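Read through the structure below, which is laid out as structure tokens, and then see the notes.
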């Protein structure tokens, strides 16, 4: 590890974001048609390595179904509007009329109110049932704080994949107020595969892997990274974070005698180039927020926000305007009619793999990269 | 020390600012409620590690009292408007109508005039008495140049903590005009703890520690750093500076047989993230200017300036507009209704400590950081 | 090679673009008149090391002739408008009325249509014949995908230099759909010298050199690099790329017992300073797009685009507005009436060589450079 | 020397500009009044280390006299308007009505015309006589190309210091057209001290020192550096350049048995902070252009340009608008009424030296610096 002295009392490593790197071709090229972007976790197979972030601007039951039919995995936020309100479409319609949180503290205040409505267990059941009825893989997300309270409801409703997602999730949470979730025991007793995170470093990811998780989310998710840095001073540049967690995957596979834990990059991948680079760093799949919120069908209706935007005391993510760029199918598979890397995400991934000569995602994790900040 | 060749005749180290770094979580997390941000210097205990900068836009007797009641320490500038004018509120009201110094040389000229009024010893006495009467810890600041002239007045008025603060303060000042202040003897003879600075390096800070100071201010204060760099070529990036002085604290503790001198980051911390990072670099507490000038009650009334802005021959700091963001209590403890890191400063600090698994400020100085310029 | 750890699972080198470097004078200076910028490839001699990129905004038969008369080499795109349309001037006139692709997806859609017209072999013959009739060196370009289909037509029409150019061309292309072009055999059997690329690294370039090519194009061409990075994550900073390929040239010369393969920098050289730096990095000649599209005579009529702008499913280059700066002769030889490095490109090259004391292009490849990002 | 691989075929060092560095205080401070900024070259003593650049926007006979009376050295451009026109004030008045060269090629064309007027030997004599009559040190500048033709006129007119200044001046110029100036012989035979440059590296500066020059100009002067980089690819960051030449001064002093050649930073110092840093890098004095063109009396009347702006074939410097900031005396000695580092240049220099504890310029060359790009 390159260790740099900041001052006489502190050393640190240089960490790199996805913008700091680029992939480069080598001696072989390939036709894009000869490339596979299939991905499998546990018993579930997907035609694309795309997981939708459990955010109300990105996923509703309807869009989770649509994404499932297109070969990806939609994850519903089980602590969002769909489980707090009988008629979330009306709430989403109201929200679509609000301004940006950057310009208007009232927007933040209204969001805070709308997310104060209590979570209703029967709505969890109903929403998941709707997805299940469509025949796609069913996934829902809770935060670690709410997992104890609602996981039985979630399991009873029949999820295929259980996601425990928070800004930062550790295998060892200390709390005076309540008995913290014992992740290891919880996952051990559960019947379905669990994806857990965010984590952003070798050690915390390795500890999460040891809990028995099927996948680890890398990053702090939700497009809120820049305000998290400003508000909390916390920032974990994604290229370095993914690469660290990929190394933990390798070491854990050795120590566990062969268990392969999937590394899922979560957050900050706004363009197809970012997705390409996340996989080049070692990710097995990507969890997308803003990139999917740009689909015409997205419930955010041209806006995007995460749970950080409505924290009751310390909001540290914004609700921001995004341009819709076309139907979800075009976002994923094109054809594109512009060049900004927000359409035909999977076509771009295929082409990058082909241009650098790789034929599947696992191989592509070995592609050569350069450091070249822009 | 990383030593880089600039040219064949000069070597230098790379120094880092707070914007160049970020903190990162590790294997453990914690509830924000389980975190202590208490701070103590000498016999004085505080519920927050926040000291208000002795600047007329930040501190008046009334705001020093308010901050004291909220758990921080207000320091009054004893060479500012409050000791030069009988009715400083009228002067502050006039100033609030002036434009920015950036656009208007007349503003600079008027500030220069208003700060030419002589300092009146009896006003020093009166202002400090007002603070003392409120039952909070009393602190006032003089520059090294004025300390000899006024310190007896200050002591007689009854300060608890004496602050000697200048752009750069050294333990060894050379002057032909007057006998310079012998800091070591002065502090030795004084009955109250002294905080002294700015200093921004291992050696100058170590020398200040040897004078017997209870605390050392790190940095050049007053939000004027960018114009100081342009005008004087002087700049000491804060992350490296704090880390260097923290190393001096450790070495001085060894050489002195256990005296712990507090390291107080002073200047350039405009957001809660900056405060977090200053402590991560080794600061025991932070002296805030602009961050507190954003409170509704701040005497600057939406403007902020330091002593550099009215220097008679070489002004090198500006009077700048700040948006007021809420009452002082919200600035410190929230709730926040926006995401720019200027409200709920202490809530953000707690959350950062919790997210990285630390339970008190001293431990938090060991948090892992990365270099990641933005 | 400087090898940097991005994270525990990935290492990379730092790569540099032309903007990151600058050349510096040394102990000797020279008159610009005493400098030669002649260039020769195979039997063909040129008074300038300038090759025009095969792009419809840059080269038509008429401008290829004009450039030839001015001492450079024009390359016609044999898959562009001139071989798809009987009356390309009418098509170019229509295109000149379209907006930028950045603002208008309709422009992209119309370009996609206009480039769907089939390539007509007889038009290839006619366009090349027109150039040949003017007595200048004749060069045309095909992509690797089309080379098998049309190369006999091209040879029969009588090119002097054959260019095989794609975004990324490797010596080893893998395809399931069709037998890929066997470059080595193809070039071996051909009677004319072949220039092939883009390549951007030591190994891929060395493999291309081993096919028998007379020249290798370095880079991804076409001014599309920034959108390629955003869309595909691929980026190969030019200074490092040229330097790597120049090293491959040296090593291949050794392994082949003396064959000198020309290194031609292709893309991203918008100013005379960029041309200077490309040669300083080891290029023998430069292939220019935007720099020549700024000539009054350029067929793009103040606009510039490459094949990436009309890709049917994944456009990843834009059609952008350029200011015309004068006749082609002024672009190359001045006099200039402005200072932005877009006129008198060859005068600037001569002056740089003179200021640093070099008298021919091959020597100038040894000029000292510094790293100094701007 | 830190040697970095750009690619396999090229290595380079990282070079630093003045913006990349800053000076930092140390253990001692001092009163500004206790600081000397005197400078002496050969027999000529100056109260400030300020030399005005021989540029028509900066120096006229009147301003050279004014600067001399204020303790600096004015150098008249003997190939500028004052020696080409009988009534240069009328020409300057006309020029003051022209627009910027950036917006208007006509401005460049008109400048090219006005500077085509032939140089008149009798005007050289008259202008220098005017300066001499005022009793200040007399200095005039020629380019190496014109030195042979006019130096006798210059000497006969009675200069005290002879300046040979060009964009890049080497001790070994190669020319086919004319016998180049043999600097060593020329300087040996001359009776007055010669300052020669620009040079920007250890080796070229060492060679210039060996010609017997009293001073060497470091840099490419004239505020044209950014367009020179764009047009020619040439750039020599000033911090590294000055430091290199300062090392050549030391080594030459050793090899010559004690001859001290003055290092004069020339160009790119727009603020007092830049002047401070140039001396910190090892400069003995600074040659200022834009910084003095901001004086009310400056002949450029709020505009600034150098010889690069009117080159007949390859202009590569612009005529740019500058805000006038006050009389020359205020520019040099204050008082300042703003904070942008353009007034009270010498007051700022004194204060920097005082803050870092140094008492004369030679000592101040040893001040500690940090690398901290902004």
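We just call them A, B, C and D in the order they show up, numbering each chain from 1.
One rule holds in what follows: contacts are C-beta pairs under 8 Å (C-beta built on N, C-alpha and C of every residue); 3 or more make two chains touch, one makes a residue touch a chain.
These figures come from a predicted structure and were not determined experimentally.
To fit its Cα atoms onto chain D, chain B must turn through 90 degrees, a value rounded to the nearest 5.
With every chain reduced to the mean of its CA atoms, the largest distance from chain A is reached by D. Residues touching across the chain A and chain B pair largely diverge in numbering: under half of the numbers involved belong to both copies. We define each chain's centre as the mean of its Cα atoms; on that basis chain A and chain C are separated by 40 Å. Note: centroid distance chain A to chain D, computed from Cα atoms, is 57 Å.
Residues of chain C found to touch two or more other chains are 13-16, 240.
If the chains shown are joined wherever they touch, the resulting network closes on itself as one ring, and no chain has more or fewer than two partners. Every pair of chains in contact is given here: A-B, A-C, B-D, C-D. Chain B makes touch with chain A in their complex at residues 1-2, 13-16, 21-31, 33-34, 202, 239-248, 250, 271-277, 280-282, 334-341, 344, 347-348, 351-352, 355-357, 359, 368-372, 374. On the chain C side of its complex with chain A, the touching residues are 4-10, 12-17, 101-102, 105, 108-109, 167-177, 199-201, 203-204, 207, 227, 229-237, 240, 308-309, 312-318.
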